[in-house]
Every structure is written in structure tokens, then in C-alpha cells.
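Next come two complexes built around chain A: one with chain B, the other with chain C.
And now, the complex of A and B:
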């Protein structure tokens, strides 16, 4: 291959593989082996226990809902940031990345304080009967926060690269603004939107730091899956923790696969 | 940049109202969901006055947590920087089988839950883990000790630098480096004189994001730390302890330092994107 003009193939690839092997593969193997130590029957018993099932339902349900909300709001925010000019646009654009930069524990205590019954928002919402802190709704709010930037940041570049000619053509041909959006623009944005949705979902399912403060962590009610692992570790149930860990890892792998397929689709789409 | 298609004035007024409504909706979400929590951190931190704030920040346990956070980041970030450069060099300068798998493997830590990231090291090095008995024999403590914190942090921040560099180096191609080689430069000379200047801003960008995550990581380090005050508490873990002790002013004071770090990171990141956008280009839509 002509590319081998450059040196360092053995060194760089060898280092990369050794590093990944030690930091990523070896520990993951330890997880798989520990979980398999339970045997199929034991694995099934752990995963179908009431605690794990309730946590699985909450983690996945809230994450799914948060990703849907983030897809809708993220599309809106990306649209506004790309298409309109208004004072402070650059600042708002930078603000979108805040959930990536703010440590999750900080986000967690801040959200809890805001939505607690005496907090800035809680003081308004609780009298209306909307309890967010220490309920499953709190889990949802925290997940919306941490997953927010994904959809904006995947949709934004596609929206920027779209050729205005397409829209003008649609308008010339007699389409209304709304028709142009739903029939012409939306299909073009869909792959990016779905990628952002999947990324936000993956992040929300595994999120821990920002959720545990606001969730209240009531067993069977507002306990998320990662917290179940932490509790099992505290009780020295290492195999059970590993079993739940394997399930979470399998979920991540599935989402990762979906994301890479979506990204390939997006690429094909934008290169046309 | 309102839609430029010329239309009858009657409709353009209705459109302006729609624009204003869309902008208002988007901005109120950003303010309510993103800016308000950030503001709450600083307001709560200063609620009991500057004196209480300063006392919480210079408290010996807080100082120990700050030092430990800096130490962990000072080890994890350089390790992942060297790894990122090596991985990007291998991935973009050579063709080999299994490249796609390697790429997926580099990205993997981003999609693993932080708690699972900590768990895998407990299962490997903890008392019940694979190497547990062996480590115990030689009296080496990795879990519930600083090395465990470093390992978990290295895991969660592993992809940052590689992820910035791979798409950039891919799009730059290797023509310049090949020319340098033909003109007689050694491998390292080529790297330091040609490659590094070409990728420096993207490298800095990756290091910046890697560092922010390393200092702010909570879930993974929480699992491996054992929460020994003054010994294995990083800043985010110290925030948790203070908060659970109902010492809200203290918790938010330490949290405000982390929030400040996040703001500096965001500011620096925005500056790099604005000033060196072209040299950072070809970035894939990023995760964290």
C-alpha cells in the first residue's frame, strides 16, 4: 500500500491496541466473566427481580421521553440559531453546550434546589400540584438537561449546509411555508435528528450524577438502573451488580450500533 | 437572516410574528432549563455571604479535594492526549483491517454509563476482583485509593482527544508529511514540524474537553473512591458529601468552582471555534 511511506505504523497501532486492551477490553472482560459466574438461571433471577425491573422501566422510560422532548426542542433551538438573527445569538449558541461542560453533580444539586418545594421553580410548581423534585418527574428533568445538546449539535450543521434553492423552488412551485418545512426540509433533517435522538437517549439511560440528587431514590419508584448497581456494590453483591452492568452495556451497544448506522445514513444524505 | 424569499408584504408580517414566537420559545427554554440552574449554583453559593463562601472553599477537606482533582486530571489528561495522537496517527495514516472496529472501540467509553465504568475496575482490582487477591498479597491498593480514581477517569475521558483528531487528520490527508519524508525529514521531525502545527488547535480543543470531563466526573469515581474524606474525595464527590450533610452553602461553594471551570471551558471552546474554526473543521457531530 502506497500509504506506508510514513513511519510509525507499528508503534502507533501497537500503543493504541495495548492501551485500549488494558483500559477498555480487560475491565470489560472482567465484567462479562463476573456476570456469567451467576449462570443463566441466576442471571435471569437477578434481572427479573422487582427492583431491577422497576429501575429498568424508569431508566428506559424516562430516557426515551427525555430524548423525544429533546428532539422536538432541540430541532426548534437549532432552527432558531441557524435561521434567525437576534441579539446575543452567539451567547445562546455557546450556552447550548453547558450540559456537556457542567459536572453532573453540580447540575444535580442545582436542579434539585430549583425544583425543591421551596426552590425558585418549586415554589411556583408545587402549589399547582406539579411535584418534580424527589419524584420520577425529577428524573425526567435531569435527563432532559444532560441530553439537551445532542440534537442541537447534530441538526445544526445539516441545517447550515442545506441549500436555500430547494426551499425557494418549493415556494415557487406553490408550497406554503409549513408545507415546505414538513415535505422538503424535515425529511432532509430526519437522519441527523434521529442520530441526535439516539445519542441523547444513550446518555440519559446511563446518567447518574445529575439524576440521583433530584430523584429522591425511593426503591421501586424513583430508583434508576445505575443506582441499583451502586446499591448492590454497597451490599457486596458483586455478581448481581455485574449482571445489571452487562444489561446496561448491552443497551449501550445496541444504541451505538443504531447511531453508527444512522450516521452512515446521514453522511450519504448530505453528500448527495 | 430571516427567510429571504420575496413575498407579498401582507404575508411577511404574519411571518415576522411566527419568527418572534419561535425565537421566544427557544430562548425561554434555554434560559429556564440551562441558564437558571447555572445561576442557582452561584446564588446559592453566596447566599450566606462571602465569608461563609470563602471559609467553605479554604476548608482543609475542600483544599484536599481540589488538590486530588488536579492530581487526577494531571495524570489522566496527558495519558489520553498521547493515546489520542497515537490512535489518530494509526487510524488516519495507514490502512489496515479492522479499522472500523478500532474506531468503534475508541468511542466506546462515551456510551458506557459512568457507574458501569467504575464497576468494571472494582470487578478487576477490588478485593473480590480478578487481581484482588494478588494485589492484597503485595499490599497494593488500587480501588478505594487514588490509582482507582485515575483509572476510572482515564476510561471515561479516553475518546476526547482521539475524537477531535481523527476526522481532522483524515480530511487533511498525508501529502505534507510524505513531502517532508521525501525531503529527508526523520519520522519524529515530520511529526513535530509538520503534523503537530497542523493539528495544534484541534489538539488543544480535545485536551480542553478532556480536562473538563476529568475534573467533573462523578459517577465513575464515586464507585471506585470509597468516599474517604480528605483522601479519596475529588471535588464532585466532596460536593455530594457536603450536600448530603445539609451543608448547602458549602456544597454550592465547591460546586461554584466547578461551574466556573465549566464556564471557562465553554468560553475557551467558543473562542477556538470562532478564531480557528477552519482548522478545527471536519469535526464529526460530537458526543460529550
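And now, the complex of A and C:
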């Protein structure tokens, strides 16, 4: 094996693995052990109950949709913030991070106040037949809110580091504006965009605090998975709660893994 | 020089420790549910005064508040509560099942170990525009009912059981008719908050729904806090006797050596002084004298208990609120 340029590989790897194990794997292992108390039959019964299935659909469906919306809008916002100068740009830039800073319960209460039938927006929307608060649509709105900063903040630095020369070269070589974007810029942004997408998705799947206020929480209709876990805990059914937690983790992990693979693939594709 | 400095520091630290131990001879931890915050604040002060007069020791009762089920869980997970004062016996039973206290805990104090009670009433908008007088009005198609989720809120389980008990008492009432009645009621529920305060917010601040099902103590407090010109309290013809029980956690009290004072603390809840404080905070006192004094606050209402109608919490929980139970079978919302 060739000598590495930087010394201390063994030490830093050991440190990394120990830290990951302690902070991430240990709690997850405890969760899995708790869930295993159910046995395979019990696990299957819990996970295939109508409530869990409905909540799975809502949690992952709304989270995926919110991440897609955040990817599109986030890319636009990042583009505008990097490529244009306009009065108040720094202010808008700072505003992007606000959903991070706000305690999620506060966000949930604020959104519910806006969209409730008597709220500022709700008072206009509900007569038009658009009900957001206390419906699955409300879940989506809350998830979009908490996941918004991720895509902007991952795409922004990449966009800033892009050389204008590339675009100029593309134009000189006869590419149209659309072609410059789709064939030259977009592939370069895609890995960062996917990272932001994955982060927004993961955040939305696990979100409880803000969603719970606006969702309405009607069983089989607007119940998210974390609420199903809380319901199990209230019945002092720890193993069932852990089982739902494990399935959530497993699905999230698969999704994140798929995104990471997709990212690797696009990177290779761009380099070619 | 350095050595002596170290000794000085050590000495002063020791002093600090001794001083702290002296200032609070005994501390108790009372793990309670959410809306008892103000009530126990006044009771704890009064108890400390009396204990000091009787025994000469000072007692500080620390409080922990939260949803009843969550609080029970914390105690199971190792929160060292000397006493628990929760919203329903089911949550204390869960502690007994873990061996933290004896299974006979509810027989150790008078009145099912419940020093004060409440009942389920309706909070409606001022002037009662939908003319809601009794449980039967809640299933009308144009009425929207706000209640928290019985699965996540101990308080809401009382709401559900009160409605069930009402339907059972109707002429020709049976489990089948009660189930149909409760199903019709929950079809009128547009939002299921996870806790009682959340439901109150939805009803009072968001303006959702025509009627809020609530503990009488919460309804009266909400009317006082949020404005008597905005809400009316409607007392139905019959309701459930909500019994939030209290118990000493044997394992913890023995470990701390606080059994005597913990037991005295719970007995103190039954004294006329504490009973009056309970009434002031809108809990119905067990003590006849205190009840008579606050009769204007608490209108007469026929109540039934969970033991009479449902055979106790364990049975009610298994039948109605377990996974696949009756509550899961009826649909919520339109």
C-alpha cells in the first residue's frame, strides 16, 4: 500500500468510527433491540395495520413532494441571490435561514394561525374551497417551510464558485441560453441540488413539532408517522413504538442511500 | 502557598455544600399532569408551612408537569417521583405494573385515592348559537365538536367515556347504540389535537368548531382567562366523574427515605384548607363543607364513575383505546 500524504489515517478513522458508533449507531441499536421484543409476527401486525400504512403514505408522500417543491423553488432562490444584485439582497439572504432558527412548534402555531378558517390567509382561501389547515395539504405546507433552507444553502456556494467563463465559452461555441443551462450549468449544480433535496426530505419525514399543529391529526386521513409513534407510547406500548420508528428509519435510509447513489452516478456522468 | 490556597477553596466548597443541605431539609418531587400547575403551587406552599409547624423541618415540593401518559413514562424510565398526581388511574396502574408501587395503591387513600374530582362539560360560543344543551345535540349534522385525541390525551379519554355513558343511559341503550352514538359524535370532529390545551387553543383562538369538550376545571379556567363575554359553559344532563388520582411511589419514597412526608403530603390534600384551594382552581372538592361553600361555581350534575359503567380503567382501555379497539373502529371526521 502506498504511503498516504497525510499522516494519522488510522487514528482519525478510528476516531470517526467510534464517534459515529456512539452518536448514531448506539441509539439506533437500542431502538432495534426494543422493537425486537415484539417478535416477527407482532412486528408484521403492527406495521401492516391500517393506521401505520396510511401514516406511512402521508409522511413519505408529503415529504417527497415537499422536497421536490423545495428543490425547484430553492434552486430559483439560490440563483436569484447569487446572480443578481438588488436592494435588500443581504436581508433576503438572511431570511432564508429563518426556518432553521424558529422552534418548530412556533412555526406550526404561526402557520396554523395563518391558514385556519379564520386566519389571515385561511379567511380568503377557505371560501374558495382551498382548505389547508387541518388537512394533508397543511402537512405539506409545514414540511415545505421547515425544509426550505436546505436546497438554497447547498446550491448557493456551488453557484458562487462557478466560473462565468464556462457560460461564455458555451455561448461562443454556439449554445443557446436554454442549452447553456440544461447542458452546462445544471449538471454542475445537480450533485449539490441532490444533497439539498435529500436533507430537506429527511427533515420533512422526521418533522413533528410544526406539522402536529396544522395537520388536524384525523386517523387514516391526516396522521403522520411520528404521531402514530406518540400514540403507541401513550398506551405504554414501547415495542410497537420502536417498531414504527425502525421502519421509518429503514425507509429513510433506503431513500437517502438511493439519492447518494444517484449523486455518485451523476457526478461520474458530468466528469465524462 | 499553593497548597493552602487549594485547602481554602476546598473548605469553602464544603461550606457551600453544607449550607445547601441545611436550607432544604427535605425535598419531594410531585410528578403531575399539565393543568395542575397553579393548584399545586398554592398547595405546596401551604403544606410546607404546616409541616414546618408540626415537625420543624422545611419541605420543598418540586413539581414536574406534562401530559399524564408522558409523565408516567418518565417515572418508569427513572424520573424519581416521590408522589405522582396524574389525570387517570390507568397511568398510575402502569407504574404499579412495573413494580414501582403496590397494586392496591387506589385503596390506600379515601375516595379511590382521588382528593378532588372534575367532570366533562361543554364550552360553547357566547349566546350558544347552535343551542347545545346536552350530549344529544353534539351528533347533529351541523355541529362541529372539538376534543383532543383519546389515544394521546388522558383527559380526552374521559370525554369519550362520558359520551358513551350518556348513550348507554338512554332508553334502550346498549353497547351497540353507544358505539353508534360515539361514532356519530366523532364524525363531527374536524381536528384531533394531541392534548387538552391544544384543543382549547383550536377552539378558542382559531375559532374552529361549535363546542369544546373539556374538563370542567379547564372550561371554567378558559372562560376566566379568555373572556366570559366570549364563551359559555354548558353543563349536560349527565356526565362522567373524572377522577385524577394520587399515589406515593413506594420504590422511590423508600429509597429517598421520604415515605412519612410523602404520605403526609397526600393526606394534606384531603384537609379542608387544601380542599378549598382545589375548589378555587375549579376542581370539585370531596369535602362537603368546601363543596357547600363553592356550590355556586359547581352546578348540580348527575355523574357516573368509570368503575360503575366500564369496570375500571384496564377494561375501558383494552376495549376502547387499544389498537384495533372501538375508537379505531369508528371513523373520525366526515
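Assorted remarks:
Quick note on the criterion: the second predicted complex is superposed on the first by the 221 of 272 C-alpha atoms of A that agree within 3 Å, B and C clash if a C-alpha of one lies under 4 Å from a C-alpha of the other, contacts with A are read in each partner's own complex, and residues count from 1 in each chain.
Convention: a contact is a pair of C-beta atoms (placed from the backbone, for glycine too) under 8 Å apart; a residue touches a chain by one contact, two chains touch by 3 or more.
Everything numeric in this text was worked out from a predicted model, so none of it was measured.
When the shared chain is aligned, chain B comes close enough to touch A:99, but chain C does not.
Residue contacts after overlaying the shared chain place A:197 against neither chain B nor chain C. By the touch criterion defined above, A:154 reaches chain B but does not reach chain C. In the superposed pair of complexes, A:118 makes contact with chain C only, with no contact to chain B. The contact surfaces that chain B and chain C form on chain A in the two complexes overlap at residues 113, 119, 213, 227, 230, 233, 236.
Chain A meets chain C in the complex at residues 46, 49, 51, 112-113, 116-119, 133-134, 212-213, 216-221, 227, 230-237, 240. Residues of chain A that touch chain B in their complex: 1, 3-9, 11-13, 15-17, 19-20, 23-28, 30-31, 33-34, 73, 76-77, 79-81, 83-86, 90, 92-107, 109-111, 113-114, 119-121, 144-145, 148, 150, 153-154, 157, 164, 167-168, 171, 177, 192, 195-196, 199, 202-203, 205-209, 213, 225-227, 229-230, 233, 236, 238, 241-242, 245, 248-249, 252-253, 255-256, 259-260, 263. By the touch rule above, chain B contacts chain A in their complex via residues 1-5, 7, 15, 19, 22-23, 25-27, 29-30, 33-38, 40-41, 44, 83, 86-87, 89-91, 93-96, 102, 104-109, 111-116, 119-124, 126, 128-130, 151, 154-155, 158, 174, 177-178, 181-182, 187, 190-191, 209, 212, 215-219, 222-223, 235-237, 239-240, 243, 248, 251-252, 255, 258-259, 262-263, 265-267, 269-270, 274, 284-288. Touching chain A in their complex are the following residues of chain C: 67, 69-70, 72-73, 76, 94, 149, 151-154, 189-194, 198, 205-208, 317, 321-324, 328, 331-333.
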